[in-house]
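Everything on this sheet refers to the single structure shown next.
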Amino acid sequence: MRKIECIIKPFKLDEVKAALSGLGLQGMTVTEVKGFGRQKGHTELYRGAEYVVDFLPKVKIDLVVDDDRVDQVVETVVQAAQTGRIGDGKIFVSALEDVIRIRTGEQGSDAV
Amino acid sequence: MRKIECIIKPFKLDEVKAALSGLGLQGMTVTEVKGFGRQKGHTELYRGAEYVVDFLPKVKIDLVVDDDRVDQVVETVVQAAQTGRIGDGKIFVSALEDVIRIRTGEQGSDAV
Amino acid sequence: MRKIECIIKPFKLDEVKAALSGLGLQGMTVTEVKGFGRQKGHTELYRGAEYVVDFLPKVKIDLVVDDDRVDQVVETVVQAAQTGRIGDGKIFVSALEDVIRIRTGEQGSDAV
Amino acid sequence: MRIPGNFPMRHSKGCQGLIAGVALLAVSPSAHAAEEAVLDSGDTAWMLMSCALVLLMTLPGLALFYGGLVRSKNVLSLLMQCLTSAAVMGLIWVLVGYSIAFGADQHGLWGWDSAKVGLRGVAPEALHGTIPELLFAMFQGMFLIITPALMIGAFAERMRFGPYIVFSSLWAILVYLPLAHMVWGGGWIGEDGALDFAGGLVVHMSSGYSALAAALFLGPRKDYGKVPLPPHNMPLVVIGTALLWVGWFGFNAGSELAADATAALALVTTTTAASAATLSWILIEWIHHGRPTVLGAATGAVAGLVAITPGCAFVTPLSAIAIGFLCAPICYFFVALVKIKMGYDDSLDVFGVHGIGGTWGALATAIFAAPFALDGVTKGEQLWIQLKGVGFTALYAPVATLLILVLMRTLMGNLRVSDEGEHVGLDQSEHSENAYVL
Amino acid sequence: MRIPGNFPMRHSKGCQGLIAGVALLAVSPSAHAAEEAVLDSGDTAWMLMSCALVLLMTLPGLALFYGGLVRSKNVLSLLMQCLTSAAVMGLIWVLVGYSIAFGADQHGLWGWDSAKVGLRGVAPEALHGTIPELLFAMFQGMFLIITPALMIGAFAERMRFGPYIVFSSLWAILVYLPLAHMVWGGGWIGEDGALDFAGGLVVHMSSGYSALAAALFLGPRKDYGKVPLPPHNMPLVVIGTALLWVGWFGFNAGSELAADATAALALVTTTTAASAATLSWILIEWIHHGRPTVLGAATGAVAGLVAITPGCAFVTPLSAIAIGFLCAPICYFFVALVKIKMGYDDSLDVFGVHGIGGTWGALATAIFAAPFALDGVTKGEQLWIQLKGVGFTALYAPVATLLILVLMRTLMGNLRVSDEGEHVGLDQSEHSENAYVL
Amino acid sequence: MRIPGNFPMRHSKGCQGLIAGVALLAVSPSAHAAEEAVLDSGDTAWMLMSCALVLLMTLPGLALFYGGLVRSKNVLSLLMQCLTSAAVMGLIWVLVGYSIAFGADQHGLWGWDSAKVGLRGVAPEALHGTIPELLFAMFQGMFLIITPALMIGAFAERMRFGPYIVFSSLWAILVYLPLAHMVWGGGWIGEDGALDFAGGLVVHMSSGYSALAAALFLGPRKDYGKVPLPPHNMPLVVIGTALLWVGWFGFNAGSELAADATAALALVTTTTAASAATLSWILIEWIHHGRPTVLGAATGAVAGLVAITPGCAFVTPLSAIAIGFLCAPICYFFVALVKIKMGYDDSLDVFGVHGIGGTWGALATAIFAAPFALDGVTKGEQLWIQLKGVGFTALYAPVATLLILVLMRTLMGNLRVSDEGEHVGLDQSEHSENAYVL
């Protein structure tokens, strides 16, 4: 089992979700986050003063998948989330030791 | 050290917290997330149009525990969070290399 | 590659960010979370009734760094986030198998 | 004030002395034509505005006050109940309400006048005192809009929307309209000499005691007493409080039906009592918990406004301070102590604030009545008269409420949403909507 | 109502019978001096207040109604457009608007009076009827402030701010002001006998049909039809609805320019129609989708208010119920079915509610006209007169709108924000601000 | 306007010419009885409403304007300070304030009249001009409610609640009430001939300059200048701005104490100046930063309303445009440049907007005064008179403020919350509450 964390631009969420559903993925968990990176923040104004907002809204998608699907999923996310402009985001892949479905108590691949 | 991520239904948070406190767990970190899975979203209405909201509000609990407590904690969460209906959520277990308490700089088990 | 999750007090975010920028770190992802731990919650009032709010606002910073920078980063965060009072937070370090930059498809260290 | 003519005046008592006094010094133009009723544009202007102010109390005042106090998953259900109160009560009023409340007296208990049904027989040129009768009718209609809406705080976060509409409609017809007639429309309470200038009995006690009955009948929210249920949006609560305060000027000073000295007095006592009760409530909190809260200030303000309502035109500004200042500890006692002790879930404290505040106000009206307000009776006699009205309202309203609810449960089944619906919140389960997508 | 004197009265028709009737029973003080114009303090008080009420409709009423309906990244752009409408339209009105709308008639199409330019020649002591002319002018100015602001709902979430200001200014001068003159200022529609008490044609149809044209011209939002675009903050929508309802009392009853029997009638029909339409709309939803929604109730309320606007002083309360009750299905049909079928993105349903509601209201004014409202014509004749006004407005407004937009695109380039700007939202891309930091 | 009688009139100057002019054309009914004071129902209606409008400015207007501008952890502390201003100032006014401001003159500096203490000797039938004296008193009381609340913007996010109550109470008694007397109650500034129709000196300059003193005394917020401190809820700011604008009609036009030509003029200049300043401010931003902002529009609107306040009844609509248009760059200069340069943390720009805007308005009143407003003096002479009032206020208010604060620090210790309290926010540290649980 692998956990794939994808940090993407918020307005790409629907496209990514659709692409993943296309792969037959059954679940994901989404978190609103703020990102800081190479992409420059935008300027805001407050009564004649300018200031830069460094943190940009991003969306994090957590996907737990069987090991053999990792490459396919990563590729799909990259395709769906890409705009080619700075700030498109990252994908982090890590190992998972166990997965449990709360409703049934099932474990491992069955639980995903 | 293990990290246990539990994705549960929001209204179960208090019960799960109580159950974990019962085990003597001293800490947890909670994040509001949105889940997408087998559980069907609900329908919303907007001026005569219906649309389905796929993403359902869930709560993620991050628990860092010593390796020997993992099973007990997982079992406790499963019991407290279970309603038996689709969408009860998942538990993901992964390895952690190190834990540091910021206040003291302590590391490892002492830091939890 | 390592993932460093830092749970800190919210008002320390700017200091921690500045300290990390000082190290030349190029990116981080921030999530608003609620923490439960040794730090006591505060009391709130509602029409003559008192109740304790257990969950305290915290900020989680996710940092993905090359393995050789872990110690330096952890130390920096500890210094910047420390107030010496209960509730300063934790740092969790875990292994990462892969990192991908969505914009370019780059992998591994290049992608960070 | 018994103006010559055959229509029942709203405030049958208490203004006489004052108006007589005013008449000596300041003869208003319209007084010249006392024999022949004439429209006074100033009075009409004030009553047009008072209609707007009383509507503002419900929409958005009360809606926000209540909506902000519940959890974010239920805010829309509260807003919806206030909105539909303006719709359903507005129609009931025009169709039959005005006739029942202000039609010809039947046994001292209710009224009827088929010409008032649908306002068909109320010609635009017909007058009530110095203002168009249509305007008088609509001003009174605004009171019907707010009163059942006050009750929704008691069964917030659990009652189904359909039954709410049925309940509030039946309650309007069986409780509010008869009571309004009894006090203001020529019925026995008013004839008995009870002083209720703007609705201590008719509006606040009637809704407050009924609310308690409904809360007991429906039972508490599943989460009540288990987890804290803090307000989800306090700024909404403050906007609501502020608009209630402002709108109450129309409610109280508008109840004079004229822009005159009595209206001015009512406005002054109204805002002064609210100030006193606000301060009093936060002082109690400061003493009791070491912290004054915004919700305390807001609750105090509303309680003070409730308490001054029946007597606003009958007391001096200094008495208004006393009424407001004393009302806070009385209401606080019920909200913070009695409710907890007894264990009922009057979710937004309708009974504690409106029921108890209205009771205190109705009695305080006699206790603090200025000489000009007492129509040939002593304070003690007036207090006894007030007690009869208070006692009747405190019995009639909740009993009738219970009967309505029992009947409804028999015919309609469970009046509460399902447990699942309560969990996900009424906004989604009853209205398929979501308050915030921030 | 043709008051002796040489200034054009706003409502040239329909009040006569009523006023005559009133005059018999209730001679108001000012009537004694019918020959010599005198200021009436009651009428003036009501009109001062009506100015406040109509401003309240735009700020914050409409601003919140619209602002709550869009996504959180665009709410400020809507608030900004309403705020600047009060600024820019307020200035246009004082500088030239009053002259164009109410200056001496030119060919029945527009007006001009250089003394009215900048209100230079309007002395504080000059009267319009029984109120200061300055006050009459400003009351009318409040209508110019709200009307272009109504349109912004149609091109919400995509139009650039600069072009919006240019567009609304040109539209005010080329569409609103001439129409206001034609109907109220002595132009051909009013002279023809059309009944439009408070702006069914001038305000709602003009903005509604123009909004449709603008929505078609600008094209849909990128996300329209692809992802749901639910309101980001429904409590704001409800506050807005409530303040529109309250403020509409000034809009409709204020249009009488006096605190009299006609104003009272207008207030009663206004709130009653809103009640009926609110209930009607949620009943339709209940039948059609099994769920009444808060947005439905709010939309119904606004639609009912729109529909009663042209006829509010010409119909009975029971007719107002009919007008309101029937307006909901008509508007619902356009909002929920026609719009989807045709695929245009009238983002906040300006056409469906104001265009269609205004059209229905203008026709219903004839259909339900009370006898006193018909100035020697039959209902059928009046309907034909109404149809001419309706037809003209439904053609003139959108065609002129399209010409303005074509001209603007030629001179100013793209009127929409960039795709990137639409993605991040107009609050950031146009105003460098962020609505919420919670 | 010196009405026969022995009570001091509020606006001792400037209306004469206008009223005389009006009197010729439009003799109002009440004028027939000039010798004998009579209550005018129209004037009374307008003043009842003006009380509501001025209260609306504080609750919820100003509360939301300020509450939206701070961070979400402090919003409740701002709302609380506004709510308690209505409570504490409301009581101070009734108890002693009316007597100090409008009692018999003492040395030109303050007033006293034991019959006015607690309003005991003010009979409901007593008149002030054509309205009940009680109503006059309460209208003035609403000004005391808003003025200290204006200052809270300067020390937002750091002052403890207890000291705030003590400070605002002392400030009311030592600064506001004497100044109100000096200008309106028969004191030296008014007698000197200064024109301050609705409170340029008394309300805006007094609070603005005192605010600056308080901000300097308390020192900046810990985070000031280190991290951006953007508004947490801009929609609240816009609601607040809108309600200030609407309520200001009661503030300015209500200050005439009658529904007449002068009130109409004041309403027209008020809204026109606000429009001009709104547009002016966003044009400056457009030029200076390439972006017009919503906060800029809101700030401009308030600045324009402030600037027109002293002269609203003394200038033409075109002059109002000039006053509003010029006020934006002047205030912007202080808000965006001087404050940054000088480094003081006037958190919500009370000095920059109210202090500077009020100063400009007081001088502009003379510069743009219409002929009827000048009571036998030249513009230059009037400007000199204005300058004396401005100079006195700009010195007296901040010096007295500093003395109060020094005294308080000596007796009460630190007036600021602890650093920890500032970190977690005043809502939690001072009120144990939380604004939002969304």
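Letters A, B, C, D, E and F mark the chains in the order given here, with residues in each chain numbered from 1 onward.
Basically, contacts are C-beta pairs under 8 Å (C-beta built on N, C-alpha and C of every residue); 3 or more make two chains touch, one makes a residue touch a chain.
Given the structure is predicted, the values throughout are model-derived calculations rather than measurements.
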item: Given chain C and chain E, the chains that contact each of them; value: A, B, D, F
item: Superposition of chain A upon chain B: rotation angle, C-alpha, nearest 5 degrees; value: 120
item: Pair of chains joined by more contacts [C-beta pairs], A-F or C-F; value: A-F
item: Inter-centroid spacing, chain E versus chain D (mean Cα positions, whole Å); value: 33
item: Between chain E and chain B, distance of the C-alpha-averaged centres to the nearest whole Å; value: 52
item: Cα-centroid distance, chain A relative to chain E, in whole angstrom; value: 46
item: Multi-chain contact residues (two or more partners), chain D; value: 29-30, 40-43, 45-46, 49, 230-231, 233, 239, 259, 289, 291, 293, 295, 431-434, 436, 438
item: Residues within chain A bordering two or more other chains; value: 31, 44-45, 50, 53, 94-95
item: Those chain pairs that satisfy the touch definition; value: A-B, A-C, A-E, A-F, B-C, B-D, B-E, C-D, C-F, D-E, D-F, E-F
item: Chain B partner contacts - residues on chain D that touch it in the complex; value: 226-227, 423-424, 428, 431-434
item: Complex contact set, residues of chain B against chain D; value: 11, 14, 42-45, 50, 53
item: Complex contact set, residues of chain E against chain D; value: 18, 21-22, 24-30, 40-43, 45-46, 49, 53, 71-72, 130, 230-235, 238-239, 241-243, 245-246, 249-250, 253, 258-265, 267-268, 271-272, 274-276, 278-279, 282, 289, 291-295, 297-298, 300-301, 316-318, 321, 372, 436, 438
item: Contacting residues of chain D [partner chain C, same complex]; value: 228-231, 285, 288-289, 291, 293, 295-296, 299, 332, 335-337, 340, 349
item: Contact set on chain B toward chain C in their complex; value: 3, 17, 26-31, 62, 64, 94-103, 105, 111-112
